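Next up: some structures, all given as structure tokens.
Below are two complexes that have chain A in common, paired first with chain B and then with chain C.
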Partner chain A sequence: MSAARRVQQWATFGRMWYLYDAKWQNPFHTANKIKDYLTGSTKPIYHPLNDCGDHVVVINSRDIAMPGIEWEKRVYFHHTGYPGGASWTLAWELHQKDPTLVLRKAVYNQLSKNLLRRGRIARLHIFPDDKIPDSILQNISGQIRQLRPVPKRLDHYSEEEVKNFPKVFDWPREYIIQ
Partner chain B sequence: MAWRGVLGLRLLGSASRSMTRSSINPELISVAGSAPPSRHIAVSSSLFVKEIIIDTSDKQTTIEGVYKESDRTELLVKTEHTECGSCPLCALQLNLKHTDVLVLSQFLRSDGCMLPKRITGLCNPQQKKVTQLVAMSQKAGLMPNLAPSWSKKDPKKRFGSRKLNRYFDEKTIKIKI
Partner chain C sequence: MMSVFGKTSSLLRVLPAVAACRNITTSACMFGIKSRWVAPYRKELLKRQKKMERMGITHQLKRSEYIEWNYDAEVYAFGKRLGEQFDNNILREALTDSSYISQERVRQQELGVPEPALTMTSNNELATAGSHIIADYSIKYLRSALPLFPEEGIRSLVDYLTSSEVMAEVGLGIGLKDLILCKEYPPTPETVGKCFQAVVGALNASTSLSQCQLFVRDFVVTQLIGKDLNEIWEIENPMEAMQDILGRSGRGEPEPRLIFESGKNTLEAVYHVGIYSDKEFIGSGYGETVGTAVDQAARDALRRFFQTTAASPPLPFGKENVKLKAEPNLSVEDWSLEKAKNIITC
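Moving on to the complex of A and B:
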């Protein structure tokens, strides 16, 4: 194989390491996106037996956001196998115990339910904040775009920005500002 | 209370009239022969937009109240529809989201309460919509500084599930405008 062909072979079949920032993102929508990268569905060389899946490194999984009252309503069921071993855990309780589990279970449940699932979930690395081990940080070769815009808090704007922002209505003549 | 001004006096045609600061001035309380004026008593100093006290001291001390221009008039948004006296949000036709904090915070007091319709000038459905958007924004923890004095002002210090991030869908607000 010539050198050019060899490089082309590495470029097509090489495994990518993607970074994804999960701050203020919906875990289930992100799981839908991440599963495509883990299976390798985004590649033109995809085949289920091709082992073309990529690694995905997720950071800030502690800061994921769910819509409305989903944190209080979503329930995770677990049975130990023993009688009386059924437990129902609310999403927020599970998140407090392990901030990576909600996203991990979301991705695991979105992957196709075959023997390849275990290998694919092993290529997903989730971190609760932005501290990543150096060995993984060196491997990262790409980034996945966030799905939802990250909102900005009012106290994160400077005082000048808030003061000079165009106003929608003017105070009436006899108003005491509170 | 806001209508009647500081001293509880009716509005007169002339711009200037005597008034006092909100913090109780001992010199002005005890006036011989007259009842103490009813005043808007504030625990903290309130900002009077429209009144200024001017003291001149020769042998006389005159306390004068003068109407002041509000500092907002230059920053007002002016389009072709805003000047005709309609509701400001209907005129601007903004697609407001609960994350548009800079706009929504204009409709709030410093302790996080909504301003009434007579101050904001919004029409009924818009006022309701903004109230719901503000509630969403506060639940999402996007305006922690506009909160009552006893609150911790940090969404991470809330209890249980409330400290976690959440977002809302504006389509759940079913108000016909």
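Moving on to the complex of A and C:
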């Protein structure tokens, strides 16, 4: 094989490193998106035995947003294998213990339940905040778009923007809000 | 039954030399006769074959030693198969190797013939004539088909086409293996190549030069189809060559820039480097390291200059008449973009 064809092959089968900001994102919808990148389904060279999955680096997993009352009601079951080893942990408790686990388990449960799953989850790197080791930060080659827009807090707007915003209604100045 | 058949088929695979010759066991296998004598018979044949190989007295049967061999008919059919009108005597001369003549002379001297047969002439003259025609036509055709390709590249391609391997491959493909009269069997690649060149010379002598040139185009030059021309002519220092060309063309110095990289700290790092001259893109390449990518980008830039990329039009082998170009192409040392603009390309 000549050098030109060799490097073309190398580039075709090259692995991408994607960055995803999980702030304010639904972990289950996110997991659905991320699993496509981990399996390599987005590529035209995809085949389950091709090992063409990409790496995904997730930041701000501490700030994920589950819908409704999931934080209070969702329960993660674990059994150590020994008698009396069953445990039921609520989502908010698990998140306190390890802020990466909720998203990790969501992705793990979305991947196909075969022997390739372990290899694919190994290529998912989750960080609770935006501090990433330099060695991983330098690898990154692309970004996955967020699924829902992150709302901006009122106190993060500048005073001018708030003042110049075209208000439809405001209380009269004399009105006392009780 | 099944075990015997299994054994026979495995023996068939194991006995290549015995399977090559035609004997009763081949017929037995063809008709599916699974008698108990078939396998032991083949085993014995293999044993004897191995013994002969150890003693050095193996003899590979040529087609002419089997029945129904008519050399006159074969020579006639050879010409007709190619769709060419050969003169019979000239073609026979082209198929006669000098080793055969010397062998014949020795044999006739041994038999006591006073004047050994001197009527046969070897194919040396026709071979030299043929090789000149092949080289000449190939150069002119390639110059015309690849007008921007440097002269050194054209020479490299023609050297490849006239190399003994390619000539032998073409000769064997045409069917010269059993038609050549030479000392050993099978004939060596050099003998086959020389004979093919002699056949070209014979064609030129039998018909016109233009007819012969069409033959060379259809059988020799077509060996380039599907081949990467830049693989056959590899430039040693592409970065230097590209810098020289841009300098001669009055363009800015080439700047390699990183277009894309992935997995920098991993073993599977991919780099995509582009080369820019005066902020204009001229070529890009991939690589496992930045150095490889820069080298490939330089090669890509040269491919784009010379119009030998994968997307370039293929060599013209259709009905269109290619105007043969006698003047040499631009040399790599003289190549510049201004001069290239003056060359008309289709």
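Things worth noting here:
One rule holds for everything that comes next: the second predicted complex is superposed on the first by the 164 of 178 C-alpha atoms of A that agree within 3 Å, B and C clash if a C-alpha of one lies under 4 Å from a C-alpha of the other, contacts with A are read in each partner's own complex, and residues count from 1 in each chain.
FYI, a residue touches a chain if its C-beta (ideal position, glycine included) is under 8 Å from a C-beta of that chain, and two chains touch if they have at least 3 such contacts.
Bear in mind the structure is a predicted one, so any value in this text is a computation, not a measurement.
Counting the residues of chain A touched by each of chain B and chain C gives the higher count for B. Residue contacts after overlaying the shared chain place A:W92 against chain B, while chain C stays out of touching range. Of the two partner chains placed around the shared chain by superposition, chain B is the only one that A:W71 touches, whereas chain C remains out of contact.
Once the two complexes are overlaid on the shared chain, A:W171 sits against chain B while remaining clear of chain C. Of the two partner chains, chain C is the only one touched by A:A11; chain B is not. In the superposition on chain A, contact of A:L115 is made with neither chain B nor chain C.
Of the two partner chains placed by superposition, only chain B is touched by A:P151; chain C is not. Across the two superposed structures, the residue set of chain A contacted by chain B and also by chain C is empty. By the touch criterion stated above, chain A contacts chain C in their complex at residues 2-5, 7-8, 10-11, 14-17, 55, 135-136, 138-139, 141-142. Across the complex, chain A is touched by residues 228, 230-231, 260-266, 268, 270, 272, 285-288, 292-293, 295-296, 299 of chain C. Across the interface of their complex, chain B is touched by residues 24, 26, 63-68, 70-72, 90, 92, 95, 148-149, 151-155, 157, 161-162, 164-178 of chain A.
Those residues of chain B whose C-beta lies close enough to touch chain A in the complex are 1-3, 5, 11, 40, 46-50, 67, 70, 72-73, 75-77, 88-89, 92, 99, 101-103, 105-106, 109-111, 118-122, 140-146, 160-161, 164-169, 172.
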